[in-house]
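Structures incoming, each one as structure tokens.
In the two complexes that follow, chain A is the common piece, with chain B as its partner first and chain C second.
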Partner chain A sequence: MTRLVLDEVVAIREGWRLAAQGTFDEGVHLISGDVGSGKSTLALLMAGLLPATSGSVKWEQCSSQMVSFQFPECHITGTTVREECESWGLDPSTILPSTGLSGKGDADPFCLSRGELKRLHLACVLARPYDLLILDEPFSSLDAREKLRTCNILSGRSRGITILFTHEQAILPHVGHIWEIRKGRLEYCGSPPEGLRNWQHAPPLIRKLIAEGKTPQNISPDALKEAACRT
Partner chain B sequence: MIHIENLRYRLLAIDFLSLNTGVTSVIGPNGSGKTTLLKLCAGIALPESGSILIEGTTPRAMDIGWVNEFPDRNFIFGSVVDEVASALRFRHLPPGEITQRTSECRERFGLTRLSNRAVGDLSGGEKVIVALAAALVQHPAILILDECDSHLDSRCMQTSDQLIRESHIPYVIRSTQDMEAAAESDCVVFLEDGRVRHSGRPEQVFAGLCDTPFYPLSWRWR
Partner chain C sequence: MQDVRLRTGAATLLSLVAFYNIQGAVAASIWWLIFTPNFHLIQKNRLILPSVAMIGVFSVLLEVTGGEGISYFFRMMVVILISAWLLSGQKKGDFLHLGCWLFGSRTGFELGMLAEMALQNLTTLVSDFDRIRAAERMKGVRSGIRSIVPIGRVLVHSTILRAEDTAELLAIRGYVRGGTFVCAFTHGRGDYIAAFFALCVSVIAIIPVSAFFILS
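Showing the complex of A and B:
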């Protein structure tokens, strides 16, 4: 069983501090937090791309991992959309149709809209299984239809650890665990539905349902719909 | 009033569109032409044909605040303090006035603690707030925001919306993928394949989108 362990991890820089302690088992974990709270820093720590000031990050039985940065432009290495797919070891003819970019194989990736670039990047990331998949703001810039499609893919991941850092407020996948960064510390809210009541960064729609006594079973659109229609 | 007539630019083709004062949200699928329309309204790009007139004036003759969808593309200076002051310095305003206005602006946006940070070291959301402050410090007649809310959490968005409202800017045009936010706008324009499919009050526009994922989730159960 793949596992990620944060053992008294602390990151410090210029009057700013983030502390994180916790174990991430297989399943989908969502982490939220305010702007500047350290979500991207934590993603880098978890991926082993940034050393902790103190404490340690341990990866158990993790033979493959992938981190998707918040800014898709940071991942681009190909000079065309087709080359970008190939740089991931993927066949453009299978990737591009799913992104709606079939006619843009020869285009410069930097000439795509930001949403198109995100779609291309996510399609390349999600084309392979990973023991540990870290996604920093995966829904940013995606249109509503693509958010739904991406949520369905993430909800369907049957193995490995998936960690989502997001402030998306409406269209979210089915998740197993919710965490949030509060006052410089990573806190575990719990699993839905119980964990939703501890989630201070819960989207307004979920807070409203809880206040009405209709706590959803999870946070996916289908779960919210079921709760909202409950009598 | 903003009048757009017979506009043609790359994939964008708008025969007629008028926008009143207030907040207009431009929505639509990725690649539908939202950024292109916003760049034309900001005067960053010029129409191949047709016209955009804001109160009878072309965009390049107006004071326009602009925030790019790529946060790093907003910056030309290295530090937060220089970036926020840049628009005023380019106008050669007196140094004392620049110091006072940028200081007030940084305080309003909660950027004082970040003043001496390098913009490259900021988080995505912090970069957007700096870009927003730099756009608003000059009191523009129009503020154009290209999906900058995709980098902000809900509390930050509420604060930003409040600061924009308090700035009393006549026209705010923003593209967004947050349909809940779009539903709160004065006007919504839905673009698809470079064409305006729907425009008008949120109720009118979303009535035409009720069978799509673009319909606000909260409206489905009101």
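Showing the complex of A and C:
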């Protein structure tokens, strides 16, 4: 079973500190936190792309991993959209129709809009079964329909560890665990529904439902709808 | 050296002297060894070694084609080390203070702001480079010439986008030209001594030795 262990990890930069301790088992984990709290830094630490000031990050039975950066431009290596799909080892004829980019196979990826590029990038990333998949702000630049489609794909991930770092407040996938960064420390809130009560960065709708005694079973749109309609 | 005026003045003078001739480069490198954190700078600044390597390639080409490649390499290396020292002590807003002090609140403000933006962009480029390399590695792209081209494309594209964003932001905020700015400078203990010796080094390197000593 794939596992990611943060063993008293500490990252220190000028006037800023982040501490993280915890074990990430297979499933979907959501990590929230204020702007500048260190979400992107933690994503890099978890992927081993940034050395920790102290402590260690351990990967158990993890043979493949991917970090999706907030800005999809960082990942581009192809000169056309088709080449970009191929650079991920994927067949453009299956990826492009699913992203609505069928007619743009020969276009330069940099000529796509930010939303189109994010769509293409996520389609490529989510098409492969990574043992550890870290997504930094996967919903930025996406419209509501694309967010929902991405959430459905994420909710359906049956194997490996998926870690989402997001500020998203409206459309979220079905998650197994919720974490948040509070005052420079990664805290485990728990699994939904119990974990939702400890989640300080919970979206207003979830907080309202909890206050009304209608705690949702999860944070996906369907779960929220079910809770809101509960009598 | 805390005072940006003295630091920039000394760095400009020493760079010119180092590039001017070998004696100047030797004198500037001695000054660099005495008055700067010298080798700690090389460890801290990740741009130094790639810059030296690039100059090395040009120097070899120059030497092979009959030019003075070795001399060029040494002189340029000293210029790079002096520049690294100049930037290592840089604090946000330093060039804005310097620009306004030198050329006033219109032209000086513009030049200072441009220099600040360029410096900020340099830092961003380094972190962007790391991120792109990490993304390439995860995709299985090997390091080499073939990986440099996509990195260059992404860096150029993101720099142009950032420049456009900054220009739009300035226009939206009603920026036309110049601005009001109160210059302030802080001095370190050894600032004047280091600056004085930078001046001495420059004079000694430029004026022929025979002007100082009676040589038989």
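Quick note on the criterion: the second predicted complex is superposed on the first by the 231 of 231 C-alpha atoms of A that agree within 3 Å, B and C clash if a C-alpha of one lies under 4 Å from a C-alpha of the other, contacts with A are read in each partner's own complex, and residues count from 1 in each chain.
In the analysis below, a contact is a pair of C-beta atoms (placed from the backbone, for glycine too) under 8 Å apart; a residue touches a chain by one contact, two chains touch by 3 or more.
Please read all numbers here as calculations on a predicted model, not as lab measurements.
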Superposed partners chain B and chain C on chain A - clash or fit: clash
Which partner reaches more residues of chain A (counting touched residues only), chain B or chain C: B
Partner chain in contact with A:L49 - chain B first, chain C second, else both or neither: second
First (chain B), second (chain C), both or neither touched by A:W88: second
First, second, both or neither for A:Q65, with chain B first and chain C second: second
First, second, both or neither for A:S32, with chain B first and chain C second: first
First (chain B), second (chain C), both or neither touched by A:E73: both
Touched partner set for A:E146, first chain B, second chain C, both or neither: first
Chain B versus chain C as contact partner of A:G115, first or second or both or neither: first
Those residues of chain A which chain B touches in one complex and chain C touches in the other: 71, 73
Parts of chain C lying in touch with chain A, wherever the complex brings them together: 128, 130-132, 134-136, 138-141, 147, 150, 153-154, 157-158
Residues on chain B engaged by chain A in the complex (per definition of touch): 28-31, 34-35, 69-72, 113, 117, 122-126, 129, 147, 150-156, 177-180, 212-214, 216-218, 220-221
In the complex, chain A residues that touch chain B: 14-15, 32-36, 39-40, 70-71, 73, 100, 112-116, 118-119, 137, 140-148, 167, 169-171, 201, 203-205, 208, 221, 224-225, 228-229
Partner chain C, residues of chain A touching it in the complex: 44, 47, 49, 65-67, 69, 71, 73-79, 87-89, 110
